[in-house]
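Next, two complexes with chain A in common: one pairs it with chain B, the other with chain C.
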Partner chain A sequence: QKKGAPHDLKCITNNLKVWDCSWKAPSGRDTLYEVCIENRFNSCYRSEKTNTKIPALLPGDHEISINPIHNHSSISKFILNEENISLIPDTPEILNLTADFSTSALHIKWNDKGSAFPHHSNVTWQIEILRKKKMEIVTLMTHNTTLNGKDTLHHWSWTSDMPLECVTHYVRMRCYIDDLHFSGHKEWSDWSPVKNISWSPDYQPKVFPEDKVVLVGSDVTVCCVIQEKVILAQFGKEKCSLIHLDGENVAIKIYNISVSPTSGTNVVFTTDTNLVGTVIFAGYPPDIPQKLNCETRDLKEIICTWNPGRPTGLLGPHNTSYTLFESFSGKNVTFKRAEDPADISYQLFFQMIPNWEIYNFTLNARNPLGQSESTILVNITKRAVYPHTPTSFKVKDTNSTAVSLSWYLQGNFAKMHLLCQVEITKSNSVQELRNVTVKGVEDSSYFVVVGKLSPYTNYTFRIRCSTETFWKWSSWTIEKQHLTTEAIPS
Partner chain B sequence: MSRREGSLEDPQADSSTSLLPHLEAKIRQTHNLARLLTKYAEQLFQEYVQHQGDPFGLPGFSPPRLPVAGLSAPAPSHAGLPAAERLRLDAAALEALPPLLDIVRRHQAELNPRAPRLLRRLEDAARQARALGSAVEAVLAAFGVPASGPRPEPSPAAAAAASTGVFPAKVLGFRVCGLYREWVSRTEGDLGQLVPGGPA
Partner chain C sequence: LSMMAMGGCSREYQTLLLQMQQQAKIMQNTSMLLDPYIRIQGLDKLDYKEHCKESPGTFPSKDTLQGLSRKGFLQTLNATLGLVLHRLAAFQKKVPHITKDKDQDWKQVSQAEGYIRGVRNNIFCLTPLLNNSSEMVTPTWAGPRTLPPPSLSADAFNHKLDGCKFLQGYHRFMHSVEQVLSEWAEGPSRSRRHSP
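Up next is the complex of A and B:
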């Protein structure tokens, strides 16, 4: 180029549709430039400034002339090729930054302005989180999306390790478009304007998080919003080093937290005149309920029992809640803890549904750290009846070699046969077991005659029952001594 | 018992009129009760501290001694007050404590469900504070000193403290158990000065 002629032509594009070209030239008043693309269309563009926008040109070399009109310096010619063009996306804009203080989560929303792009392109977004007035970088994360020719809103969340109440958090983002069709240089956009989130303190000293439940082994940051200088921070018995935030606010970091005592682990911040704190509950999610078993004593009510497995370390409001779902009926029952924690028996009662034999139970265990479940499919009449202990057991004479036994059995056995076992002990020596089958009835007494006994002999009787499709014997009745009558002399 | 039964100012110095036997017995009995509850109050405080986790109970752990629902610790000047005024203050404090102890027990029942002895002690303390307060009022009445008016229920501040988080509730309990210990011990001391010939 001759001296004073336009030089250093540089073109960039934000959207692959328009090239934004600029050049250097001696500053002269009322200079008007005419930029012409030497091609079939010979399109020219006029500009009063040393830059102009031209439609994106196809790949390959294109001759460009820049002619400073009304100016004595002469025309300049350049060869423009897409390969020398830089794709610098428009600066993104964070449309919305919100915080969920209870979960320390930041939520960001932005528009990718995909409609500005001619075709699908992969986009990488970099989101940077900064903290404190000094805007220290906390983290830089990437998020990949695809431009699809339409403006698309994107949402993204990040959970802070530091409670959001204690320090101002700043967020900014930029993007990089990797368009496979574009052969020029690809660069990051500028950073978006910063958005920030802070909590409006009410000037009462406060510690965050408040009463949080965390998983054993996790790292926890606890912080204190306060106006006075904190001189001591304790985690239980342990003294902790202070992380200074803005103003007098401070934080401590607890690594690999161990399981808390019942009332939680105290985190205490002490000043010259005050003491504030919070409690952290470190525990485990509920174990899979072990040995889930469902049976019935009376074919009216099903009793499901289980073993909770590994203790969670969490009690009170954070205790594990259990719910028993029955999928065929859609019914469920919830476990209520006994007042006296010493006598916890893990069992739930489910009312049987008339004429219903097969039950598909799912026992769900849930606490603030997670949930687990066990399932059991039960044919309640086949392998699940564990009768109550028979009561009102009586022995009466029938004749010198036979007695009649009677007992009462609570339960609705009308649709089945009962298998009962009589234990006969003769004069405290010979013991004999006899099985008898009786037709089941509902909440009723039962009778059997036991023969082939010896006259005028001391016997001890007791009985237990099960169902014909055996699952469990009931407990034995109490024993009954009985002296058979004397034989009638023949 | 219309006739005033002796002066509360300084009964031991008042040689002209000795206390009536049953009044002396009432004072001695109330004093013995106070002494017993002082021991129980100490046990309650230690048990409470033990169930809150460190740094509760560690040397140097001393939350600010904020008044709780209008009930503060016995003032340093308490010892210099006339006997009747001291006993009236004692009775008023003992009457204010049961609802506070109930708040603490309800919180602990949730926080420490497996600490039945602590919960039972808190329950007993509420009942015992009420009993001792009534006994002190009876002694005052015997001396013709009007009882203090009915105390308001604990202000929402106490209940609020228990509801704004576990730690403030733990500190409230620490404070209430501490106040209970102080006032019962103070009552024992004040009654001790009335017992002719000193405590039995």
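Up next is the complex of A and C:
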């Protein structure tokens, strides 16, 4: 190039459709330039500045002339090739930054302006989180998407280890477009303008998170929003080193937290005049309910029992809640633990559905740290009847070698036969078991005659019952002593 | 006489009075309830004392108690201890019996509950021995009809501190009760504004 002619032509593109070219020229002279693309269209563009936009050119070499209109002698010619062009995407813009303080989550929304691009391209977004007025980098994360020719809104969330209330968080982002058709240089966009989130303190000292439930073994950051100098921070009985935030706000980091006592573990910040604290409840998610068993005592109500498995370490409002769900009927029953703390048995009662035999139960256990479940399929009449203990057991004479036994059994056994077992103990402790089958009835007394006894002999009787399709014996009745009558002399 | 015995009433005024005095003397001791509470709540690891002072107005002051008639005093004592029992019940509710049966501090809390029931039982026995009226009349202490609700603060830590302040007040209250009862024991003429 002749002296004083335009030089150092450099072109970039933000969207692969338009090239933004700029050059150097002695300042203050020749404010009008004519840029011409030497091709069959010979298109020219005039500009009063030392830059102009031209449509993106096809791959290959293209001759470009820049002619300072008022001085023909200093025309400059350049060879432009896509390979020398830099793709620098437009600076992205964070449309919306919101915070969920309860979960310490930041949510951002942005538009990828995909409509500006001629074809699908892979995009990498870098999202940077910074903290404190000094804007210390907390983390830099990448998120990959694809431009699809349309403007697409993207959402992205990040959970802070530090409660958002205690320190201002800043977010910015930039992007890198990896367009496979483009042979030029690809560079990162500029960083977007920073957006920030902060909590508006009410000047009451406060500790965050408040009453958090965490998994044993996790790391927890607890922080204190306060106006006066914190001189001591304690987690339980351990003294912790302070992490200084903005102003007098401080934080501590607890690593690999161990299970809390029943009342939780106190985290306390002490100043000369004040004591501010919170409680952390470190525990476990509910174990899979073990030995889930469902049976009925009376064919009216099903009782499901289970073993909760490993203790969660969480009590009161964080206790495990259980829900028994029956999938065929869609019904469910919820287990309320606190009603009677003395009652430590885990059981739920489910009203049987008339004429319904097969039940598909799912027991769901849930606490703030997670949930688990167990299932059991039960044919309630076949393998689940565990009758109540027979009551009102009586023995009456029938004759010298036979007695009649009667007992009452609560339950709706009308549709089945009962198998009962009579234990007969003779005075000289000879014991005999006899099985008898009786037609089931609902909430009724039953009678049976036991013969082949010895006259004028002391016997002890007791009875227990099950269903014909055996599952469990009931408990034995109380024993009844009985002296058979004397035989009538023949 | 067991401090926590419930059941038939002694007809002996002085015996009952002496027993209540002894009960109050024991119950004013923070080792009975406040100290185990502090350990249970993990406050023992902190310099909590400065932040665990009785909140004025929660329990009747000694002057207030001294200004009551004997019947008014017993009614106030009975009502106040009733609310303490309610607070203790709320405190113990979430903890399974397995834990309470094994933990010494929880046992201590249960024992303190027994003492409170014992005093209320003695109030029940002593009241008829004051002249005329035997049925219970609403307390004449003009303080809050009910003690502050179990949970002043929503968050767990301040809730623990609230309990600490409450029990600090309770032990002070029992100290005042013991002092008033000892004045009774010295005879009606000697105690200031007292008229049975």
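Simple rule for what comes next: the second predicted complex is superposed on the first by the 480 of 490 C-alpha atoms of A that agree within 3 Å, B and C clash if a C-alpha of one lies under 4 Å from a C-alpha of the other, contacts with A are read in each partner's own complex, and residues count from 1 in each chain.
As a convention for this text, a contact is a pair of C-beta atoms (placed from the backbone, for glycine too) under 8 Å apart; a residue touches a chain by one contact, two chains touch by 3 or more.
It should be emphasised that the depicted structure is a prediction, and the values quoted were computed from it without experimental measurement.
**Q** Should chain B and chain C be called a clash or a fit once both complexes are overlaid on chain A?
**A** Clash: chain B and chain C overlap once superposed on chain A.
**Q** Going by the contact rule set out at the top, does A:207 touch chain B (first), chain C (second), both, or neither?
**A** both
**Q** With the two structures laid over each other on chain A, which partner does A:312 touch: chain B (first), chain C (second), both, or neither?
**A** neither
**Q** Applying the document's definition of touch, where does A:52 land relative to chain B and chain C: first, second, both, or neither?
**A** Neither: A:52 stays clear of chain B and chain C.
**Q** Just checking: does A:237 make contact with chain B only, chain C only, both, or neither of them? Give me first, second, both or neither.
**A** Both partners, chain B and chain C.
**Q** Which partner does A:268 reach: the first (chain B), the second (chain C), both, or neither?
**A** Both chain B and chain C are touched by A:268.
**Q** I'd like to check the shared interface: which positions of chain A are touched by both chain B and chain C across the two complexes?
**A** The answer is residues 207, 210-211, 234, 236-237, 261-268, 274-275, 277-279, 315-317, 319, 341-342 of chain A.
**Q** If you look only at chain A, which of its residues touch chain B in the complex?
**A** Touching chain B: residues 207, 210-211, 234, 236-237, 260-268, 273-279, 315-317, 319, 340-342 of chain A.
**Q** Which of the residues in chain B come into contact with chain A in the complex?
**A** Those in contact with chain A are residues 51-56, 58, 61-64, 110-116, 165-167, 170-171.
**Q** Given the complex with chain C, which residues does chain A contribute to the contact?
**A** 207, 210-211, 234, 236-237, 261-268, 270, 274-275, 277-279, 315-317, 319, 338, 341-342, 344
**Q** In the complex of these two chains, what residues of chain C are touching chain A?
**A** Interface residues on chain C, with respect to chain A: 40-43, 45-48, 50-51, 92-99, 155-158, 160-161.
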